[in-house]
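Look for subunit A in each of the two complexes below; its partner is subunit B in the first and subunit C in the second.
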Partner chain A sequence: MIDFDPSTFGLAHTYQKEDKDEINTLSMPSAPQVIYRSLNGPTQTNGGNKLNNFKHGTTTLGFVFKEGILLAVDSRASMGSFLSSEQVRKVIEINEYLLGTMAGGAADCQYWLAYLANHCRTYELKNGSKLSVAAASKFLQGILIGYKNSGLSMGCMIAGTDLSGQHLYYIDNDGMRLKGDIFSVGSGSTYAYGVLDNYYRYDLSLDEAVELGVRAIYHATHRDTASGGVVRVYHIHQNGWTKVHDGIDVVDLHYKFAQQKGLVGDGDEAKQRLF
Partner chain B sequence: MSGIFEYNGGSIVGMKGKNCIAMACDRRFGQQMSTITTNYQKVFKIQDNILLALSGLNSDIHTFYALMEKEINLYNLKENRKMKPTTFANLVASSLYERRFGPFFVTPIVAGLENGKPILATYDSIGCKSDLDDFQVGGTGGNYIYGACEAFFKPDMSPEELEEVIGQSLVSGCDRDSLSGWGGVVYVLTEQKLTVKILKTKQT
Partner chain C sequence: MSYDTALTVFSPDGQLFQVEYAMEAVKRGLCCVGVRGKDAIILGVEKKATSKLQDVKTIKKVYQLDHNLCMTFSGLNADARILANQTRLQCQQYKIYYEDDPSVDYIAKFTSQQQQKFTQRGGARPYGISTLIAGFSNNKPKLFQTDPSGACSEWKATSLGKSAKQVKDFLEKHWREGLHEKDALLLTTKALMDVVESGNKNIELCVIRKNECWFLNENEVEELTKITAQLQ
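Presenting the complex of A and B:
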């Protein structure tokens, strides 16, 4: 005689869930729980001033082209006007076929992208195949919608390769998930878009794409005070990702580009009065 | 980055040496997080032996400089002589206090040579003069420059040494402030000449 209910087939547990039997799939402290929902609307950060939105004080960009996806980021972290670091790593290596970029709260991005990495690995082990980029980004979106209005700050891009090719998604703390070919995120994104939109073509070669990414980040770091440091560049292709540049100093880039134009680069092209 | 003094950003520093003085400033003109130009003048030659450096709201930097330029020109015409640096230092203080209830949003530093003796005075925005220190800073990057000054400064330096030290202090300080930088200019005033040097700094 069958002494269990067949309708329990297909569920993860076919017996009463007991804590000691449950494999703790998270080897890190468990995710923070939101105890209550604020009835007052979104948690105000930075006084709700959108123009001066420090929470995304950075410049990151990514675009799809014929050789895959190129990601380029700056490396500056600032607390108000104080520069706390010029060497931050804003591309998070989720696994060998997925990368995430960081913009907004560093802690939020680092934690949730590591959580995503854990989830991807667990899926791979349980199902024998890798999680697609679409599914990984959707999983992250689901988490962020759950924490909506609680004050998380994340504007990240998920880029990776799977069986259907290379894909780029933009995910933010409002629960937005967008698939696209060109994204730039952060306070310097407006400057980067200017350069990117001007020279982007789908049929860029790898070298041209790297040059474009580097230039766009450089221009953003020159104009935006919250971006600077070094440019880090990653390339995603069908075999995973490659770190193209670990850190090109934007100061060197400034003087190199000025020299290419035949200028010195010290702001004196207009021969301003000095005294 | 709220606050009227942080709106445009910028940093200045002044130092005394042996029978010489040096002033340095960054060159950024920005509006909050956006940089507009990288060649904005913040140190002004009031007279052959007086330099005025201003930091704070750029609009008031320009206005206050124009006011001081007018005052010194009128003084030269009326009294038919040059103004002494200590007199100019007092003039700055009273001009600032004149606007006690609607101040200029600037923090000036005055540097000069009076009979070969270096004079350095700094003020808050309503004219409290402080003229006893060997080096003074102003602006959003001021506190970071203080640290570098304390490390590098020693009394009675020659003009060449002073130029090196003040340049390094400005650059190190501005590197930690996101609102200052984008170039630097160093002015060294001795009895014989005024040397102006443009520094190659981070442009980010």
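Presenting the complex of A and C:
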């Protein structure tokens, strides 16, 4: 965008602009795209119709425990009542030591997490040291605050490892950034919190934590129509991240857990077995 | 045809004369010294009053850029003030972007980048200063030097300005790895006193530690110069 400020006449245009942007502003990092702001208030996606408003149709969760951080996500994408995909990858691999989860608008999450990945890499090359998780999440927050009220929809978690350990942050399109031990984001988050809050302990072993994550996502997919597909699980430890499960079908999980509880799906049959 | 009146013109033998002349201005500036120790860095600089009426106490030539980052210079005083202010702003801006404190590597690179900007565009002259930037990176003390050409390099101990060569020779002989703060302080003072014209009122010293900067006041400097004079 060319700035026709008369006071810049006679001066080299690039010199003036660069100088102003880099030196004299205490502003947040500027995003590469022009920001469209609606004159009518915050832009609403999906026409604001609550029934079709599956913009947060997902369940993602993450928690910190003694072996690092566990992230578990579902894989369903829905457009209104149309199921567009059961195989979405909602954990975005930013780089070898940072992961981001996707909730809300898929396009927004994918683009801005890729932008963050680009920035992290550039920083690492320029400065010889990696960006910390706090710094990367703060940078993303800075971008999102610049786009506040212009219709972005993102509720993502940034989880990663750096010199000071493993850290989990929640960032959303309002520009909120929270550091925490347990987060769940999306339409199925309430169901996941129910299971997660019940069984979470800091001193879970890796297997127990994976089991907890899988269970919580399963329960969310069972009750929330906008969540489903497969469960993907990632583990973040001091050497980076590992993909623990690439995709466990929630339908299989349903029957596995049902069997454990002794449920066979037919009320009468269950009664017959009891008596 | 003279190649030295415009900044943006190389000479046939590959020199940018304006930048060379800027470095000349630095060589004529007052002496400054930086010494890296085990847990601290010492910056010392000569200050000179232009007349007896000037209050030398109020000349501050070591600029604090952040709570544990300091900069001093040789060359044009006013240029240093501008560059220091830009760098101070950048320190805070980094904190807003990234929440962490910037490392001294980052700040030194930023300062040298600012200086380089003015070696490549017309209508502006290079900064007439070389800076010494002292701070910590990953809890390790580091000392950087930047110059008008925009070069940035890390040093164990160095000096700039008039008599820089004499001081550097002295430092080469006496610097060793792992100096304690007190020894580094004595070394810096001794190095400066060899070349500073007269008296102790003409030295400014600063100790940069991991979490703070200690600017020695007049009495402390006087005490230090007395102790140094006795050592030999």
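Rule of thumb we're sticking to: the second predicted complex is superposed on the first by the 219 of 275 C-alpha atoms of A that agree within 3 Å, B and C clash if a C-alpha of one lies under 4 Å from a C-alpha of the other, contacts with A are read in each partner's own complex, and residues count from 1 in each chain.
Everything below uses one rule, namely that a residue touches a chain if its C-beta (ideal position, glycine included) is under 8 Å from a C-beta of that chain, and two chains touch if they have at least 3 such contacts.
Just so it is clear, the model here is predicted, and its values are computed rather than measured.
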Subunit A residues touched by each partner, larger count belonging to subunit B or subunit C: B
Touched partner set for A:Gly262, first subunit B, second subunit C, both or neither: neither
Partner chain(s) touched by A:Val251 [first = subunit B, second = subunit C, both, neither]: first
Which superposed partner A:Gly142 touches (first subunit B, second subunit C, both, neither): second
First (subunit B), second (subunit C), both or neither touched by A:Ser78: first
Touched partner set for A:Leu131, first subunit B, second subunit C, both or neither: second
Partner chain in contact with A:Ser187 - subunit B first, subunit C second, else both or neither: first
First (subunit B), second (subunit C), both or neither touched by A:His222: first
Shared contact residues on subunit A - subunit B and subunit C: none
Interface residues, subunit C side, partner subunit A - complex: 86, 89-90, 92-93, 96-100, 103, 105-106, 109, 114, 121-124, 137-138
For the subunit B and subunit A complex, residues of the former touching the latter: 1, 6, 9, 27, 30, 32-35, 37-41, 43-45, 51, 140, 175-179, 182-183, 185, 187, 194, 196, 198-200, 202-204
Subunit A - residues contacting subunit B, complex: 51-52, 54, 57, 76, 78, 80-83, 187, 221-229, 250-251, 254-255, 265-268, 270, 272-275
Of subunit A, residues touching subunit C in the complex: 11-12, 15, 23-26, 28-29, 126-129, 131-132, 134-135, 138-139, 142, 163
